[in-house]
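The next part holds the structures, each set out as structure tokens.
Below, chain A partners chain B and then partners chain C, in two separate complexes.
Here is the complex of A and B:
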């Protein structure tokens, strides 16, 4: 399938999902759906570095939170741009505030992409478990910085007041409908990016990094440059997923934005779905994300990570290549007796 | 005298306190066929690793086509025209054989010729041609895990050839091959050499070394103890006692 065809189909599916979600006429569907979509973006982003290149990132929450906190910072600035910007070189920017969500998403992506690039640069020579530990350390450092940054609320957190509705041309959407649409678009974007990488020369390069970096170098693959592309791209998508968060929850605190569930889920979802193709994180995120939303309502959100943990262990033992790997093996066995 | 293609001066490499290579000097002329021999553990593979940038040497320098390549990462050296096979095969396990060969085409050959010079179909054809050269064309869509150790060595060689190098280093590619397979690979290497590719052959099978090489260099315990015309070297009493007569 050509890339353009895939993008077209993804957009159509996205539009159908949006239409059906609106037809449900139930705000809860949108609130829960937003979270599942957020996990599709995070799992897909994690998989670009973790699945394609084989570099396990424990710091998803940090990249996600940097996106969220870019929004908080710009929201604060936007609430009173004259006070902060008047008389400075940035004075000309005042009329641009308040920034729209798509702009905030792009900025969140840039910030986290830069953090990803920096992380890649600092950890280029680390492999395996050492790299994973470094990403964890990065998350701790960034969280500490945010906790001590009063402008965005420090450890107390910050309130972000969202409008009731928004007019997109002739249509008027409630704000949750709007946020849902934004996250749905991001999910479509992330999946298209991942799928495009897979089919491209870049994807082949990533696979050689995962398989054997020395052999990759000997074949002419510039492994350092490719790793930087992967860390930046993966980080950027995570930051984009985080940017709308303050408007979604209305109140952001470091403990929530840097929460363990983001890191754990973004690893577990691709592992359970399958890490070698874009389908894996999608399946994993829909499955685990929905399961957790159901558990939150029927039991309690406390059991969410328990469910993820149990399923992860089960899959690592029973189907280490995830659901996609399981299906592929079946299919291959049928083709080649 | 023409400029050497590869020029190594005073190259040393240590692992901790262990000196694996000790002041190696070696020149290889364009178009030459050099046999590099020596007992196990004498430093042959380490020398290849230092030439190709897989390892960085502490002392000495390596020049390729007159240009110092010390400190260049391995991928840049491959782009310049150095390619090697690994003694212990290192295939890309998640890629099929044809895709294994596609990697050097994508990342070394295509950029050299301008990125769009080769279409996917041309690449497929070239990969199949290379696989056929080493007798693996019937397994093109299989994975490396389906291969025997010997077949993996052939894949290693094909992947190195795929980079279209000026200097090809084959590190014990023939161990375990049958008599006729050895003949086939030798014929293949001679054909490549006939096309102007310089070749360093590291091999334990003396029959192969003797029939292939014009010149032979001998490493023992990280030092080069002999270097010269094939027959002179193998009749050198020091070489005989240190290596051939072991």
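Here is the complex of A and C:
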């Protein structure tokens, strides 16, 4: 399938999903759907580095929270630019505020992408495991920075008040419908990016790193540069997923934005779905995301985290290739009589 | 800015005591990560588990937490062996330890934390012991016994481990397995068995470290995450698997953290370990006493 065809199909599917969700006429569907879509973006982003290159990132929550907090910071700045910026610079900026969510998404992506690039530059030259450990610690440190930064609310958190509705051309959408649409577009974007990478020179480069980095390096693959691209890209997508969060929950505090569930889910979903192609994270995110939404309502939110942890461990031990791998094996067995 | 000399000295002494405790926390990872190349990021979870077991025994029977840890030491040793066996069968044997092995330990870390939350809730727990509370004063230097006792026992633990590793046959085999598994096989020693023993020892130290932790500060299930950065920073800076290096790095980090907490406020302390780790990785990844 050509890339353009895939993008077209993804857009059509996205539009159908959006139309069906609106037809449900139930805001809860949108609120729950937003979270599932958010996990599709996070899982796909994680898989670009984790699945394609084989480098584990435990700091999804950190990248995600960077996106969320850049929105909080800009929201605060936009509420009163003259107070924080001086002179003509402030006057030039005032007409720009309030920034629309797509702009905030791009900025959140840039911030997290830069963090990813910096992290990668410091740690990726060494053994891969150091990168994993550093990302684990990154979440703790960025959280410390945010807690000590009063401008975005410190440990008390910050309120972001969202408008009731928004006009997109002739149509007027309620705010949750709008946020849902933004996240849906991000999910489509993430999936298209992931699939495009898989079938490009970049993706083959990533695969050589995953299979044997030393051999790749020896045959002239610029491994460090490729790894940095993957880290920045993956971080940027995570930040983009985080940027709409303040408008979704209305109140952001460090412990929630840096929550471990983001990190665990974004690892568990690709691992359970399958890490080798873009389908895996999608399947994993839809299954686990929906399961968690149901479990949160019916059982409890702690138990549903336990389910994710147990599933993650069970899948990496029993079915290392994930659901996609299991299905592929079955098809292959059927083809060979 | 003039710094009051007694404040500075007290901060340094507090850092030394903290460093002794950090050595006990890290020594297990120095064995598993430094010597066996098993990236056990779930180590802090085992430490917290140790804290809670010390808490249960202390609350039910009134037994001293350190003694309680010594009682459950064999159980932790067996637990460690079991975890290594699963890890070996599922990942090391298939050569998949890099990606899936890490995810496995991350899952263990997460499951332990969630289980502890389910059983004990998120309240802070603490223990009772004679030495929690009183403080010795030497001149103007404070020596809180709550810090001094874990520090002393922890140094004893590291010395005992160093003796074990350098004097006994099994200990030397553990050091050897890090360097050349094939050579060990030629001596008709099963490297997997040696690694299993070493991993058991590594997890056993977590029982003691957990008892120290709950003596030093009240514990809640998610506190372990703060220690991941510290543990690996110390392990790497110490030179991956060198116990004397681990002690030096632990004391260094303890002093830097204590100075930061004294002069900039305790809310900045968690960031120190990470900065420490990044600088180490960027400047001297082989560590202080690295090969």
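The rule is short, and it goes like this: the second predicted complex is superposed on the first by the 325 of 337 C-alpha atoms of A that agree within 3 Å, B and C clash if a C-alpha of one lies under 4 Å from a C-alpha of the other, contacts with A are read in each partner's own complex, and residues count from 1 in each chain.
Here is the rule we use: contacts are C-beta pairs under 8 Å (C-beta built on N, C-alpha and C of every residue); 3 or more make two chains touch, one makes a residue touch a chain.
Quantities reported herein were computed from a predicted structural model and do not represent experimental measurements.
A.B. asks: Classify the contacts of A:260 with the two partner chains as first (chain B alone), second (chain C alone), both, or neither.
C.D. replies: The second partner, chain C, only.
A.B. asks: For A:161, decide between first (touching chain B), second (touching chain C), both and neither.
C.D. replies: The answer is neither, since A:161 touches no partner chain.
A.B. asks: Pick one for A:15: touches chain B only (first), chain C only (second), both, or neither.
C.D. replies: neither
A.B. asks: Check whether A:103 is in contact with chain B, with chain C, with both or with neither, and answer first, second, both or neither.
C.D. replies: It touches nothing on chain B or chain C.
A.B. asks: Tell me which of chain B and chain C touches more residues of chain A.
C.D. replies: C
A.B. asks: With the two complexes superposed on chain A, say which partner A:214 touches: chain B (first), chain C (second), both, or neither.
C.D. replies: first
A.B. asks: Where does A:302 make contact in the superposed view: on chain B (first), on chain C (second), on both, or on neither?
C.D. replies: Touch status of A:302: second partner only.
A.B. asks: After lining up the shared chain so the two structures overlap, which partner does A:128 touch, if you call chain B first and chain C second: first, second, both or neither?
C.D. replies: In the superposed model, A:128 contacts chain C only, not chain B.
A.B. asks: Tell me, which parts of chain C touch chain A in their complex?
C.D. replies: Chain C reaches chain A through residues 39, 41, 86, 90-91, 94, 96, 98-100, 102-104, 106-108, 110-111, 113-115, 117-118, 222, 225-226, 228-229, 232-233, 236, 267-268, 270-271, 273-275, 277-278, 281-282, 285.
A.B. asks: Residues of chain A touching chain C in their complex?
C.D. replies: Within the complex, chain A touches chain C at residues 50, 54, 56, 58, 122-123, 126, 128-130, 132-134, 136-141, 143-145, 147-148, 260, 264, 267-268, 271, 275, 302-303, 305-306, 308-310, 312-313, 316-317, 320.
A.B. asks: Given the complex with chain A, which residues does chain B contribute to the contact?
C.D. replies: So the residues of chain B in touch with chain A come to 52-54, 73-76, 78-79, 83-84, 86, 90-95, 99, 102-104, 106-108, 111, 159-160, 162-163.
A.B. asks: Any idea which chain A residues touch chain B in the complex?
C.D. replies: Residues in contact with chain B: 201, 204-205, 207-208, 210-212, 214-224, 276.
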